[in-house]
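Below: one structure in structure tokens.
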Amino acid sequence: MIGSIHEECGVFGIWEPKTTDVAKTAYLALYALQHRGQQSCGIAVNDDGVFTHYRDIGLVPEIFTQERLEKLGKGNIAIGHVQYSKKSLINRANAQPLHIRHIKGNMALAHNGSLTNAAELRQKYELKGAIFHGTSDTEVIAYSITNARLTTPSIEKAVEKAMYELKGAYSCVLMSATKLIGMRDPVGIRPLCIGKTSDGAYVLASESCALDIINAKLVRDVRPGEIVVINDGKLTSITTHCKGSGKICIFEYIYFARSDSDIEGVSVHKARQKAGELLAKQHPVDADIVIGVPNSGLDAALGYSKASGIPYGFGFIKNSYIGRSFIQPSQCQRSDAVKIKINVIKSTVSGKRVVMIDDSIVRGTTCARIVNLLREAGAKEVHMRVSSPPFIYPCYFGTDIDSKDKLIACRLDSVDSIAKEIGVDSLGYLNVDSLYKIMEGANCGFCDGCFSGNYPIEIPKNQAVNRFETKIHENESHERT
Amino acid sequence: MIGSIHEECGVFGIWEPKTTDVAKTAYLALYALQHRGQQSCGIAVNDDGVFTHYRDIGLVPEIFTQERLEKLGKGNIAIGHVQYSKKSLINRANAQPLHIRHIKGNMALAHNGSLTNAAELRQKYELKGAIFHGTSDTEVIAYSITNARLTTPSIEKAVEKAMYELKGAYSCVLMSATKLIGMRDPVGIRPLCIGKTSDGAYVLASESCALDIINAKLVRDVRPGEIVVINDGKLTSITTHCKGSGKICIFEYIYFARSDSDIEGVSVHKARQKAGELLAKQHPVDADIVIGVPNSGLDAALGYSKASGIPYGFGFIKNSYIGRSFIQPSQCQRSDAVKIKINVIKSTVSGKRVVMIDDSIVRGTTCARIVNLLREAGAKEVHMRVSSPPFIYPCYFGTDIDSKDKLIACRLDSVDSIAKEIGVDSLGYLNVDSLYKIMEGANCGFCDGCFSGNYPIEIPKNQAVNRFETKIHENESHERT
Amino acid sequence: MIGSIHEECGVFGIWEPKTTDVAKTAYLALYALQHRGQQSCGIAVNDDGVFTHYRDIGLVPEIFTQERLEKLGKGNIAIGHVQYSKKSLINRANAQPLHIRHIKGNMALAHNGSLTNAAELRQKYELKGAIFHGTSDTEVIAYSITNARLTTPSIEKAVEKAMYELKGAYSCVLMSATKLIGMRDPVGIRPLCIGKTSDGAYVLASESCALDIINAKLVRDVRPGEIVVINDGKLTSITTHCKGSGKICIFEYIYFARSDSDIEGVSVHKARQKAGELLAKQHPVDADIVIGVPNSGLDAALGYSKASGIPYGFGFIKNSYIGRSFIQPSQCQRSDAVKIKINVIKSTVSGKRVVMIDDSIVRGTTCARIVNLLREAGAKEVHMRVSSPPFIYPCYFGTDIDSKDKLIACRLDSVDSIAKEIGVDSLGYLNVDSLYKIMEGANCGFCDGCFSGNYPIEIPKNQAVNRFETKIHENESHERT
Amino acid sequence: MIGSIHEECGVFGIWEPKTTDVAKTAYLALYALQHRGQQSCGIAVNDDGVFTHYRDIGLVPEIFTQERLEKLGKGNIAIGHVQYSKKSLINRANAQPLHIRHIKGNMALAHNGSLTNAAELRQKYELKGAIFHGTSDTEVIAYSITNARLTTPSIEKAVEKAMYELKGAYSCVLMSATKLIGMRDPVGIRPLCIGKTSDGAYVLASESCALDIINAKLVRDVRPGEIVVINDGKLTSITTHCKGSGKICIFEYIYFARSDSDIEGVSVHKARQKAGELLAKQHPVDADIVIGVPNSGLDAALGYSKASGIPYGFGFIKNSYIGRSFIQPSQCQRSDAVKIKINVIKSTVSGKRVVMIDDSIVRGTTCARIVNLLREAGAKEVHMRVSSPPFIYPCYFGTDIDSKDKLIACRLDSVDSIAKEIGVDSLGYLNVDSLYKIMEGANCGFCDGCFSGNYPIEIPKNQAVNRFETKIHENESHERT
């Protein structure tokens, strides 16, 4: 989907049996997780208790040059992070991993998710004299663990204790002087998996595609509520907070994750293809070709084609990656943002009745522009099929779903109105019931709050409010008197 | 193909009816042509006869920042260039467009192709006292035109005269104080097309995908041997050197061009899909799934699937574009160059008999590594099909085909030996005869010299020698006495 | 002195009556203070309570480009900082100003000096659950103020309360949502002055040269122990901690400050010239010319010349500023570090008996190299005179005086031995008693601890230890069990 | 002088007996020559006939990073260049050294000076088909030598022949596959000297300060009209064009050169000091202190003080070097361009009658601003003395003297009017006759054309025209028909 919904983060951690180029390994893994966050990134390296750390705004290959990686040096533990942030929150102080010093020494922390009680916890610690350098939830988690550490005998016990007060979605990797720790909230909303290499290195990562690039094998997912501790070549597990099978975010399968990842025992590619198959059954249409909007609609398009018997075709070329320095398309009189990203393959669609598949529609403007490109290229009919239900509820667990008044499915009162606005001949969404089939065989349940309004965790009290408004705003100032 | 054969260049030119942001338009067009050359790029802008010019080593979005584009300023004509060069020839002096001053004022020139008599012409002009700043053929072409200009009444007449002495492949765009000129060699080995916008701007580009991104419509290809002159809102044509239908490089269809381009009336995507279909007929196999090596094998894989009835699947994920600052994979103990570029989607191939399609095999090493990845992911059988014949002859016309002793099809004496070396269960190449079918309906014939040894132009005398060795070497020094 | 003693910081703050380009004003002021710290710098801007902030490693003109300054935006309050750090402590987390968020909102803080009880305070707050992002004293001061703020009605009252627990040297500027605050420790070891512009802006700066560059007039120095609060166009003063006349670091006059600054009512240039005059009386010599080592020895050399009647000459040319990217001289076979920095004017010294003046001798190696350059240029005799006494005691108050075993005056037991080692014909240091004369008329006394061992504040308990060793080390790790 | 007259270039060349880090040696030498040109720079390295070359816009330490120097590699010959250019001519194509390839191989060339017949020669070669990449005279010189090389047996013979047609000022260094060559025009307007190291390396440089930094000893100046050829460890001399003692530019002594250089047997520092002494005799005044405007007025101020008996003082602090990224002072509301560069030391001038010395007055605006700063700092009287006569004639030989209508001495008809405009109590210039005394003992005569209108070489025909207008303009376009 070339639109505006974003996962907020990807995390990575590695424990090596001996000192090695952990920074470069983390770099490659973060490069494979880049789709989970393109706005800032960071790596922290632990060389026998000495931490070296770099984080900045930009893409992994932009920030981590050869020179920078060499300055990070070698070590036997490293953690890393890629991040998407709402534009107003992008600054270095919010980039991760955090590297902090507390009463027991060094700690580095990287977080994927969103706390629902961040504001309360922040205030709790501020009333004890805490100072915050940024506005991220990660700093709140760091305080929670640090304060628990004062009254617990080890870092993992402190993590266990902190989890009693942390509410919401969090999949974290954490590094102390000697240990690599992974923690996942009791609902397990964000993914986190464990890998191992043939020579005994342990790896934690948001997705298994980060294991593949570094030749690690997927061992299993961290369980919802589980804490895993890697130390001295052994992985131990603390299961105090493991309450049930968990409810992972369904949108990880629909859009966020990379299709070559396996999450909770299910192939993301297969899940998407299945969604396309179900969509074909639910919303059949008489047409000549099925095309997917790259890259998020491609897998479902293949499924739709298989189930419907309508031939699969390549409808678009997607341009290569556009880094930070790319000019603003608005400044170029002869093009526009969509044309810079994709181009129609005219020979595929000209004179044809086209089924176009995408994973979702957010505001509808990009979608309308793409439909128009197809018509200009000679498509006779354009039938859009969406491999997920309409978003109509906010997400509080670490994604960036737009405010209600901008979501086309909230703004307009019927599928027909949406079809009319985006200019298609017909439109069909996958229904919520079908979602239960795409993850068949998964080790856990799923959260479909954004489609159904049924949330697996208590949401912040003032429910009407957009989640960003419930947080401490960047740059906000109280001290006025 | 993730290997090592490269097109050498892409060119672009625009003539606007009034002064505008031509630099930004050129930037976007070059971005769409980036696949034709990733090592250097440049733009020259003409603002009422005053030329501003920038060229450097790097990718288009790396070199042309917002600030740099603004320094180029506005104008009503611009030309641009992207370039691939053999590593030893990469330097700024060889980047294009060239901006030169001659007896009649300013000229800028960008070239795609390779002269077969560059060394002779270079020596001819050196004996008249010429000095060269680089080692590119483009500077030779500039001298040829400049010298012709001394005895001709206009720049286009000088181009016409120069074409009598230029031998080989050249598709050029050229800008004088008031004119935009396109020229294509009489054989038409490299493509060059004409576009027009709704408000009267004329565009020249190596491929039509560069027209799409800037909302220009394809008018037609420049004819082999044709010179087109754009001035005062009119395009005029000089056809002195138009001798026949021409013979465009077949590899433009097989690999070089972007699949959304139309060249000489034929869709590149369709040509590739057709190649896959022919391949299925020529080399059928009993299998469960057909996958393409991204991105070059995808179109042919779809054709193979259609013709064979074996389902099409997504076998690989290709990582996003890797810029200049990406670390050397060799330096990372836990990965390798192929894994950084692609990852197998295990759920697609596990337990399956797989047909893997690619457009060519160059050295074979990358191919062998990919086959191995499929086996590690659980593929039961791997059958490779190649949508072109084996390379066995050198190319003298602007591509970078490796030296004979490294080409696997030259090194090994049978398809079976190649199959064994790359580790596949079976291997089939498209035969030369089938090539005639993939371009059916094209406005011109094609050159298949690299497969057949039949060249449409006289090749340099010392045929045994690799073409790079027939050129003046960068940095070579004669003055020893 | 081209050697190795360094002031640790310079601070700046401005309060403007209306919103304006405060970032650019801060930039120029920091540029004028660059001599006080060349390793990192930062600016924080306050636009109606919203803070924007940037700090990094590098020189002011390197870090703050046009683009960066524009991103900082406009505002009506700003603070800035330049810093020198021991090499192992240079990292972004230690750069200043700190921008933190606490229970009452935003605060930014910049500090010049060094706490003597930093480790104790750090531990005190860590035992309450505090986390530290860096290893600087500034973060300790921030905690102290933040904690005091919990039980005080205003930020200035919190500062007043914090000063009861802060020990050592600190001259700070602090910015809240609406106020600019300056604070100076009760001994007043580091300077801090107040300026005002003709249109009502208030300025705080380490030295008056930062006022000159922005067209502000020096009002007065902040008194030792004073807190000044600027708000609503008025400056108010809190004098709770003002105990006496204070004891400013004498080395500010001898070397640290820029000679065009006036500190505590005394011109730095005049003080240095006076030191040279006293030196001439104390250590006369029969010679032909007096030269100063640029830039620190020039003022004293002029004084020596005046008092002795020996002509003043230009003995050296100092090369322009060398930024961060300058190559390591050690890597160049044909030069050395001293030659890159200065060159002898041969016509001045050839055949002459030379008196060479510098402000101090640290390790002696650079000095010996310079003496050798003079001899190579033909000097017949070289008599060195030093405008301060020998360093023999450590400094705990914010300077970087080398460890005892490297200081030449500690290593060798007599002035004659030093003279021999550096290769001069005679050597004389200014005695401690004379120091009292160079600051005649100053508003405060001075600290001469590094010469006498008499410190105006209690020093850290383990006196034998180098001061850096008493601090929490960067990257140190406690958590081992 | 903080004003607007500029030398155009500095050149450097080195021949080493064996392969070594010549690029780094050239870097340091160019750093020492940076005062001769701050807008572009370049180095070309010769490693056994293979040339590597880099040139760009910016200061030496900005352009030549560690990484860049390492890419230049090692070699046994190198040449380098620093350049000042009129703003409109700054572009990479005009940066030097030029690296060109001609019929005999590689040549690199760096030039200091200005040809008076560049336009004629340019046209001559263009009529033979030459193409120019830039607009510099250097490319003209390259063509002249290359064309001569066609009919001469060696590169040095070609240089000798070329000198018959080159008119004007040129001091060049040139590198062929095996030789380092220096050439100086028959009048010797720009300096060029020869140095040697203890281990047998030969060096050519615009000024001796570039020898000092790399530990080479000054051997002698290249004679006016001389060609020196260094090859196989020997220096040979061709004296065909050596006609007389030469007439070096007097402004090299007054302002352009660094005061630690010796040129034609005369110390620049001594010459300036002498100018100050003569000025004291010619324009005495009753005053309390003599100060120089840094850095160009300092030497003469010391001379004025000595001859007059009025004490010498430090009147100003000059800020460190301002690189390319420094913000435009015009953009900062609270400062101005002069204040950013210098600050008055108030204690020196307050309440005093001040004599202020500078080497020249160009437009007068900067001077007036400085005088005003002195008055603001409390100076009772300001008497300006200038250590050269007024400029009233244009220079055609490689300097950037402003157009006549901007020069204050051309605009106003008397010294009194100038004094009034710049706001001084009295003003005196050194007279032309005195110039003859400041270079006493020099090996050659001097050109004082800018003061007297007597030029040692025929100047371009259209004398009324500003010299830049007689050149081919950057970007000019003839081809209009």
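As written, the chain order gives the labels A, B, C and D, with residue 1 at the start of each chain.
The definition used in the following text is that a contact is a pair of C-beta atoms (placed from the backbone, for glycine too) under 8 Å apart; a residue touches a chain by one contact, two chains touch by 3 or more.
In this text the structure is predicted, and so the values were computed from the model without any measurement.
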Discussion item. Between subunit A and subunit D, how many steps is the shortest route if every step has to go to a touching chain?
Written reply: 2
Worksheet item: Using each chain's Cα centroid, which is most distant from the centroid of subunit A?
Response: D
Worksheet item: If you average the Cα atoms of subunit A and of subunit B to get two centres, how far apart are those centres in Å?
Response: 37
Worksheet item: Roughly how far is subunit A from subunit C, going centre to centre by Cα mean, in whole Å?
Response: 47
Practice prompt. Quick one: report the Å distance separating subunit B from subunit C, using the average Cα coordinate of each chain.
Written response: 60
Practice prompt. Could you list which residues of subunit C touch at least two other chains?
Written response: none
Worksheet item: Which pairs of chains touch one another in this structure?
Response: A-B, A-C, B-D, C-D
Fill in: subunit B to subunit D touching residues, read off their complex
49-53, 91-93, 98-107, 123, 125-133, 135, 139, 142-143, 146-147, 150, 154-155, 176-178, 472, 475-481
Item to complete: Within their complex, state which residues of subunit B touch subunit A.
Response: 20-21, 24-25, 27-28, 31-32, 34, 61-62, 64-66, 69, 197, 201, 209, 212-216, 258-260, 262, 267, 269-270, 298-299, 302, 306, 311-314, 316-317, 319-323, 325-328, 331-335, 339-340, 343-348
